[in-house]
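Each of the two complexes below includes chain A, the first together with chain B, the second together with chain C.
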Partner chain A sequence: MNSQFRVNLIKQGGIWAFIVVELIFFSVAGELLAVTDKAFMDFDNMLLLLKQSAPIGIIALGMTIIMINGNIDLSVGAIFALSAIVLLDSMTWPFMAALGDWAIPLAWGFALLTGVVLGAVNGFIVWKTGVDAFIVTLGSMLGFRGLVFMYNGEQPTSHLNWTLVDFAEAQFLGLHTATWFLLVAGLLLWLLMTRTVHGRNAYAIGNNREAAVNAGIRVGPHFLWNFMLIGFLAALSAVVFYSESGSVNPNDGMLYELWAITAVVLGGTKLTGGYGSIVSTLGGVIAIQLLRKGLGHIGADTQTVNLVIGLILITVLFLDRQLNRKGKEELKT
Partner chain B sequence: MTDQIPALRLEGIVKTFPGVRALDNVSFEVMPGEVHALMGENGAGKSTLMKVLGGIHDPDEGQIYIAEKPVVMTSPMQAKANGVVFIHQELSLADELSVAENIFLGELPRRSFGRVDWQTLYDATDAILKTLNVGFNARTRLGDLSIANQQMVEIARALTVDPRAVIFDEPTASLTDAEKVVLFKVIADLQSRGVGVIYISHRMEEIFKITDRISVLRDGQYRGTLNTAETNEEEVTHLMIGRKLDLSRNESHHEMGDVALEVRNLSCGELFEDVSFSVRRGEVLGFYGLVGAGRTEIAETIFGLRDPSSGQIFLNGEEVRIHSPQDAIRRGISLVPEDRKAQGLVLGMNCRDNMTLPQVDDMTAGPFVSDGAEVAIFDQYRDKLDIRTPGWRQLVGNLSGGNQQKIVIGKWLSMHPEVLIVDEPTRGIDVGSKSEIHNLIRELAAQGYAVIVISSEMPEVLHVSDRIVAMFSGKVMREFTSEEVTEDSLIQAISGISGDKVA
Partner chain C sequence: MAELTTKGLGKLLARQGILVAFVVFMIAFALANPRFIAIDNISGVIRSSAILGVMALGVTFVVIGGNLDLSVGSMMSFSTIVVLDLHDKIGPSLAIPAMFAMTLALGGFIGFLVGYLKLNSLIVTLGMLSAIHGLTLTWSGGKNMDIADKEGTWFSVFGQGSIVGIPVPILMFALLAVVLSIILGKTPFGRKVYAVGGNGTAATFSGIPRARVVFMTYLFSAFCVATAGLIQASRSLGSQNTVGQGLELEVLAAVILGGASLLGGSGTVFKTVIGVLILGFIQNGLLLMGLAFYVQYVVTWIIIILAVWLDIAAKRGRLWSPIA
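Right, the complex of A and B next:
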């Protein structure tokens, strides 16, 4: 019992320890190598970091639930892009333009609805066909991206609404709008996963689907809800990001699914399902953003950043495996 | 036997894990040509001892001797090279490969440039298969074989090294009676070749049939060795658990209530046909038959996991249609499935959450699950069923088989079901917990539950049932009351010989 508790603590606390190591490393290395003379641990810099974590972070929260279920969703990047287009384009529709700033909540609604509908498509196919979520969402990733290009060809879709931009750039209690969205979404999903029946069932299904069925849990509808949820979150991420930027390219959001999965996995959630935590995913998201920013701070280019993140991901999973094995051995007496 | 040297000898083996002394100075030997049973409750240290022998665990102290030569086992490979091979309970074979490739996996004969020497491979395999007298050949795809035949492949693999000692770990767990006979012949054959056989099993019947000596472990300690011919089940059980196991016939008589569940002419494709039976409140109805007789499938149909092709199900006299486990659970039908770990429990979840899983929907306060209500249910049924766990936070995967089974039973009892179906109530459960589960089943009936017990163990069926339904090949052959049933008539019924013809 005690040793199991210890192993759990190491596993759950690991990502935060890693973040501390990163902070120390970049602060020290920053002194020696930095291209600017601004300190890395600068308060504004950290606030900005949180804000920049939001788009991938909000998606990663949803991905955590999908992965605890034992599924995966590769189509979130495409859902992100399509929702963004709906958001910006809908504001140019004549009846919307006539509404003035009231068009904003309506446009948000359209974008979020797009995400939910696309997610429902995924969930429904997974439920009714029984095809693996990896395959289903691989297909829908291509399909949804196709829709993105059909919408406006290779052209970017743009619309700038200054009220919206002001809202997106606002700071409340020091934190940016995007950060608030990330934190509130994180809090709600944490409650969902730790305190509600839905969360309980998600872990049960991911851990042992057959036992969950035998306990009377309706697995198919459960999956559908979760795919709708991650669709909603991908759209929410788009709403947060494009309210500020005002222009979406048809290639936007590509590889977001992989970044989200990376963050989730760094946070310790298992690909096989049944185990994971929303809070640790937030840690994973922040750890990645820290790496990106930190490496940039000491003068590394994007390619190097990707290489390092890749190496770290593999190292972390290796360590996790060692830890798990140790835990199992100790239990098998 | 005494003038020979042991094929394999373990001396003073000590293995500790953090907090547990899993093996405490265990010594054990097997002579050439001997079948030596290793017995003990789950958690007594059998598996750990075998892992030490197989080079998976390093012992802290002690020495392994092969033909009195000290050896060090550091890997399964090395164990095999030393002539010690394992036939595991769970087979580790590749379905898509041929029998020959499976047998020589990792050691395929080669020609130049790394090409496989198929001819040599198939010839060598067929030579081994011939000694086992099996009905398939080297080129058969493994996945096309029955479990029993796959086990033969595993045994054939052991024979490629000319073993000194072969360890069988619960080899009959998934075999039919006919297949067991074949297995026992193979074991006898190994014996005549001078191989030492270690036989691990919970099944007394088999142990007394095929072994020469029985060694018993309890709590990681060696408790003694008995000559099979000079002992009996009681003595062995006593060594294992320190008390006796009661497997007498069920003779309790108490009031029975109305019919709770009635099944009329139920069929499901080719799985079972025209099955009718009923069970009253306060009654235990036993289902006995061979593996594959359709008993589990009937339970699954009543529980809504399969759709029947025809027939009717009545609950409290009213016809019901059940299309899913949700339907069944709502109507008060619950199923304790055959394979506890794969079908009954979420191993990575704690005890409490497992117990409340089907009813957690009804235990909410606002949007959230009420911790207090859950703990209350858990505490109540932990005490009622005497579940031994350090606390509700303990992961179910860490409990012993008996306690796991009690969690599954408690899960349904806490919902006050109309009918409780228990499929193989004591599979893989040690002797001590077995009688607890048996008593529990009897007690539930006495409290007025209608209980259906499906079992492949005759003593168990006889011990717990008020009535017994004997099945063969998807059909009900005969129904017995506990007064009229005899072991012979039961065996005849489940072998397809109708009771009437015998009488």
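Right, the complex of A and C next:
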């Protein structure tokens, strides 16, 4: 019992311990190597880090819920791109121009709606056909990307709205707008997963689908809701990011699905479903961004980031399995 | 009687649906544009599908063994960059075996992690996708790789040459497909791959060395990736670091389209070849109809979903999912 508690502590605290190790390592290594005069744990640097974590982070939050369900969504990168295009393009529509700054919330609405609809398409197919979510979203990853290209050919879509840029660059209580979106989304989803029936059902379904069905949970609609949710979050991520940058390429958002999954897995969520937490995913997102910044800080080539993240991912998987095995063996005796 | 025929038709569609769809597509495209079935067009399509196809052959082994391989795209970039770099340093006749050895070592590492350490293949290969990309960038220093003397090297034969009028990439694709088809379909090893993918626990209890079989499937995959890298490098004699980026999911799409189940234990090399050709011919047919290249993405999406849906619908005997 006691050791089971210890295993759980290691599992849930692991990602935060890793973050602390990263902070110490990069601070010390930065001093010793003396590549730059700036301290790594500079306050502004950390604020920027949170802001840069937001786009992938918001998507990773949704991916956590999808993975707790035992599903996966490979199409988030394409949803991100299409929502971004709708956001920027809709502001140039004739009737929107007449609205002045009121066009902004409307454009946001259109973009978020796009995400929800695309997510619903995925969820509906998973529900009604019974095809595995991996295959469904692998297909729609291609299909949605096709829609992105169809919208505006191979041209970038650009529209700068200065009110919007000011909003996106604003800081409130020291934190950037994007950081606030990440934190508020994180808080709401944490409440959803820990304090509501929907959240409890998500764990139940991921843990044992048969049993969940027998317990009277309507699994199909549950999946539909969650895919709509991740579609919404992918669109929200696009809204936050492109409000500031104002230009989207049709290839934007590629491989975002893989980064999001990496962050979620680093946070300890199980691919097989039934286990995971929103807070740990936030940890995973920050750990990755810290690694990128830290390696840059100590003067390592940016290319080594990929190598290091890949190896860390595999190591985490290995350690996690060792921990689980230990837990199981002790249960037996 | 009429009912019987529809039943028979349904069975045929369920069993050979992908082949039927392929034939229907070919006829429709041929009627729309006669140029579609011209010999040089067909040979052009197969030639350009060869790289994807060769990779898909290897991934078929991995998928039948019950695992995934998302690292093939980034591994292909690695092979291409390495063989191009070594070409100028140690000459092509040494560069090719050296590149194969390195790619097989990477495949062996993945095979060790998934087979012997029993780690989840999706995450391992996701991690390796990232790690190998980093390795490639470190090797090349982030720059494009080019062969200095593009005219005077025989290295270009793999991508650009032809023997008795047939382009070499097609020959390599066909040869590899035949050999791998025999290995998978006619040898004890092939049967073990199906057994391990179909029911790993049962396979272990019947004395099949599960870990070694899984390990081997990744070696096959790496060998195919190295071959694809060779064709790619030889075709263009120069390359970016990201030449294979995103290919892993297209390869997987072709394998799934061919009817291999992601749960493992089913699929054949022949079906994968059909899956690859369908993707290639759809792309070509849509281009010939004057549609932009990205229309194929949407069409591929619909076809993948329909193919897998009909496949499992036939197995469970009803169209709609029983999920409440």
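In this text, the second predicted complex is superposed on the first by the 331 of 333 C-alpha atoms of A that agree within 3 Å, B and C clash if a C-alpha of one lies under 4 Å from a C-alpha of the other, contacts with A are read in each partner's own complex, and residues count from 1 in each chain.
Operating definition for what follows: contacts are C-beta pairs under 8 Å (C-beta built on N, C-alpha and C of every residue); 3 or more make two chains touch, one makes a residue touch a chain.
Predicted model only: the values in this text are computed from it and were never measured.
Peer 1: With both complexes superposed on chain A, which partner does A:258 reach: first (chain B), second (chain C), both or neither?
Peer 2: After superposing on A, A:258 lies in contact with chain C but is clear of chain B.
Peer 1: Should A:146 be classified as contacting the first partner (chain B), the second (chain C), both, or neither?
Peer 2: second
Peer 1: Taking the superposition on A as described, I'd like to know which of chain B and chain C A:210 touches: first, second, both or neither.
Peer 2: Only chain B is touched by A:210; chain C is not.
Peer 1: Regarding the shared-chain residue A:138, is it in contact with chain B (first), chain C (second), both, or neither?
Peer 2: In the superposition, A:138 touches chain C alone.
Peer 1: State whether A:128 touches chain B only (first), chain C only (second), both chains, or neither.
Peer 2: A:128 contacts chain C only, not chain B.
Peer 1: For A:113 in the superposed arrangement: first (chain B), second (chain C), both or neither?
Peer 2: A:113 contacts neither chain B nor chain C.
Peer 1: Considering only the touch criterion stated at the top, classify A:218 as touching first (chain B), second (chain C), both, or neither.
Peer 2: The answer is both, since A:218 touches chain B and chain C.
Peer 1: Mind telling me which of the two, chain B or chain C, contacts the most residues of chain A?
Peer 2: Touching more of chain A: C.
Peer 1: Both chain B and chain C touch chain A; at which residues?
Peer 2: Touching chain B in the first complex and chain C in the second, residues 213, 217-218 of chain A appear in both lists.
Peer 1: Which positions of chain A touch chain B when the two form their complex?
Peer 2: Checking each residue of chain A against chain B gives 1-4, 191, 195-197, 200-201, 203-204, 207-208, 210-218, 274-275, 329-333.
Peer 1: How about chain C: which of its residues touch chain A in the complex?
Peer 2: Interface residues on chain C, with respect to chain A: 70, 113, 117-120, 122-124, 126-135, 137-138, 142, 245-246, 249-250, 252-253, 256, 262, 292, 294-302, 304-305, 308-309, 312-313, 316, 320-324.
Peer 1: In their shared complex, at which residues does chain B touch chain A?
Peer 2: Per the touch definition, chain B meets chain A at residues 17-20, 22, 43, 47-48, 303, 305, 324-326, 328-330, 335, 337, 342-349, 353, 357-358, 360-361, 364, 367-369, 390, 394-395, 397-398, 411.
Peer 1: Inside the complex, what are the residues of chain A that reach chain C?
Peer 2: Residue positions touching the partner: 74, 125, 127-132, 134-136, 138-147, 149-150, 153, 213, 217-220, 223, 254-255, 258, 261-262, 265, 271, 301, 303-314, 317-318, 321.
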